[in-house]
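Written below as structure tokens is the structure these notes are about.
Chain lettering (A, B and C) follows the sequence in which the chains are written, and residue indices restart at 1 in each chain.
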Amino acid sequence: MQDIILELKENIIKALNLEDMSPADIDENAPLFGDGLGLDSIDALELIVLMEKNYGIKLRSPNEGKEIFESVVSMAEYIKANRTK
Amino acid sequence: MRIFVTGIGIISAIGNNATETTQSFIRAKSGICPIRYLSTSHKNLLVGEVKQTNEEMKRFLGISQSTPSIRTALMGMIAVEEAIRSAMLDKKTMSDSMSVLINGTTVGGMDKVEDFYTDFIENDTKNEYIHMQHCGTCSEMIADYHRCFKKVNTISTACSSAANAILSGAEMLRQAEADIVVAGGSECITRFHLNGFNSLMIIDESPCRPFDAMRQGLNLGEGAAFVILETEEHFNKRAVQSKPLAEFKGGANVCEAYHQTASSPNGNGAFKAMKVALKNANLQPSDIDYINAHGTGTQNNDLSEGIAIQRLWGNEIPYVSSTKSFTGHTTSAAGGVEAVISILALQNSIVPQNINFENPMPELNFLPVVEKTQNVKLTNVISNSFGFGGNDTSLIFSKV
Amino acid sequence: MKANIYINAIKQISAQNALCEEWFEKPIYYSENFVKSLDEDYRQYFSPNEVRRLGKMLKRALLTARKALESNENKSLDAIITGTGLGCLENTELFLDRMVRQGEQMLNPTQFMNSTHNTISSLIAIDTGCKGYNSTHTHNGVSFEHALFDAVMLLNKDNNTTAMVCGHDEMTPTYFNFLQKAGYLGQQGETFASETAVAMLLSRQQTDYSFCKIEAIDILYGQPSDIVNIYQPPTEIDAIMTGINGFDKNDNIYTDVCGKLFADTPILQYKNIFGENYTASALGIYVAAECIKLGVVPLHLLYNKKRPKSIRKILSYNHFGGKNHAFVLLSK
């Protein structure tokens, strides 16, 4: 699990161009949207692309991603259970 | 100074000219269908395509099949031709006057660029298409076909492009920078923006449902539509044996400055665009009989625009409909397509209905027009076009 | 009604040193055929989160806009109008390339969002909070003049407006190759291909920092032979700022039209130091404005060795493809 979390953080940094951040700066339990990392609706769409590209998981809408994208941990759990690559 | 609309031309999914377009509204016949002309892997999506191949359009225009062309320019040529004819203008009169073409487009010749991108990289067989990526080249192709324009400009403000072209053209007349203005927009569907809107996840896989609580997004459309604008004085001097088609009363371009793609939930941009347009037209909200809404069918737009309409009109809301349920969202051309539709509504005393509507939005106090509405007295119509980046424009047309 | 309209601020990022006028005394010359702009260190100006989605061109657009506003006496802004030839080309190319290679799958919305031409004007609007008129003109090599003309129409209408007019274009190696094949950039004898970022502020109020007055703008469409007949040239101009770039096919149109309309007027150039691109004329107008402000033309801008006696009026003449002809008359 820790491996996925670290890899996922690196992927998020790359996909969202958070160039001033390192994986250690991201609290895997903190919310990704709103108060935590402060991501927005466009980032949600980018995360959907990330899920498909890196893990072969297709989400149909940002709504479907709401719970999955709550935190890095929730994303990692979903990836672990559903990844196709 | 009064600005008249003296000619109109339109081609879209619901018709190749103004007469066919009006008929489609009277018969409530939508042009949204499965993809037939665009080559794409998203075959499941519904679109509002112009029902002609490029070859058919070339034949109609008398252009040889071997002449390199782009779909946006071909549709533009057809709509401009119809507009010039309907204004009872001829190329000679236009050439002798300061005639101006202002075209709103964003994709330009992207249809050919995406087809030949690999050729551009690997060989020299398609080099003549490289320049056509430019929006400006597309406008020049339209101008060169008609050979009667001394000024040509291209405006690209995404989905409000054509509306801004009309606004800009009217201002040129007011400031005596032009005698005859042909303004509107043209845009074909490309894989580029089909995939773009798809990546933003705002495409409905069913026919779009503007102002419906269950709406899932837009259907892309394509088309071209232009109006001929002249001052009252210029029109009267031409001694044409007919009335102008409508008066362009005024409009407004504002920027919401809220988000790169989204509209604000309280509709500030839409509210301001309509409010300033009314002020510029010297009209009160109560003077408006019909709102041709931007109404894309996305969650975001219809809520924002709906709230803005509610804020401005309170409990006295005029007829509202989104004709994108017929044409699909013709993006940069939408401002022209919907300006022409608004004028057709005025001329024919009809309010195009908002098809596919079933479920009222809980946030709104009004329903769009859902039934055939004919023989209604329409005097003033407002047409909204809102683009990415909060580029919000409203235009007001009135019966003469 | 034609009002007096002044250019009160101009900021640029280009192949010459950014945000300054060092090119006037010490221009940088290039022997390459494609030169990227000399960027600022944008981390100095923006927080990383603020610009994480933005490519170089959009950062340039925001920075030139901010700097122009800072340098103006009046900090308010009522309208933003941009001229751009190919818009955000880098993002357009990325989206297009991936779409073609990935078979229309897994595409990034950010690139699409940033690929539309009007994203420049709208980002400046978000950054400056300017909720007024906002437009984008994209008519090949005369896009900037159309934007300028739009601003002048707006100011003719309204006395209290401050309008920002921007010219922005970027170039990528891929598109440099495409356009070279299409006969536009990198031609025989032609100056280097470059990029433009210019922000100007216009108003009807003259300030201590005003560069010049805009007397007239005419943008005409037609063959050079038509233009010579339609265009009514102004009199008593001290010099013509042209887009001469070293490529005969381009330059001959300038010398022909200027020869017919203004036989003995000194001809100036700027593309020898700023390069060629769709909105390079924004830099040409900036250079002309600076010369009027200082009352002198540096030697490296002289094209036909004729030095203007005084510099009170410069006509900027820019043509694109011999079909679009833009004349902008600037005066002290």
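In this text, contacts are C-beta pairs under 8 Å (C-beta built on N, C-alpha and C of every residue); 3 or more make two chains touch, one makes a residue touch a chain.
As the structure is a prediction and not an experimental result, all values here were calculated from the model.
Here A-C and A-B were compared by C-beta pairs in contact; the pair with more is A-C. Relative to chain B, the chain whose mean Cα position lies farthest away is A. Each chain gets one centre point, the mean of its Cα atoms, and the points for chain B and chain C are 29 Å apart. Between chain A and chain B, the centres computed from C-alpha atoms are 39 Å apart.
In chain B, the residues that reach two or more other chains under the touch definition are 199-201, 260-261. Multi-chain contact residues of chain C (touching two or more other chains): 105, 107-109, 113.
For chain A, the set of residues touching two or more other chains reads 42, 45, 49. Contact residues on chain C toward chain B in their complex (touch as defined above): 1, 80, 85-87, 95-97, 99-100, 103-105, 107-109, 112-119, 121-123, 125-126, 128-140, 142-143, 146, 150, 153, 156-157, 174, 177-179, 181-182, 184, 219-222, 230, 323-324. Residues 16-20, 38, 42, 45-46, 49, 52-53 of chain A touch chain C in their complex. Chain B contributes residues 40-42, 106, 110, 113-114, 117-118, 120-121, 124, 127-128, 130-131, 133-137, 139-140, 143, 149-158, 164, 168, 171-172, 175, 177, 191-193, 195-201, 253-261, 269, 272, 387-391 to its touches with chain C in the complex. Note for the complex: chain B touches chain A at residues 199-201, 260-262. By the touch criterion stated above, chain C contacts chain A in their complex at residues 48-49, 52-53, 105-110, 113.
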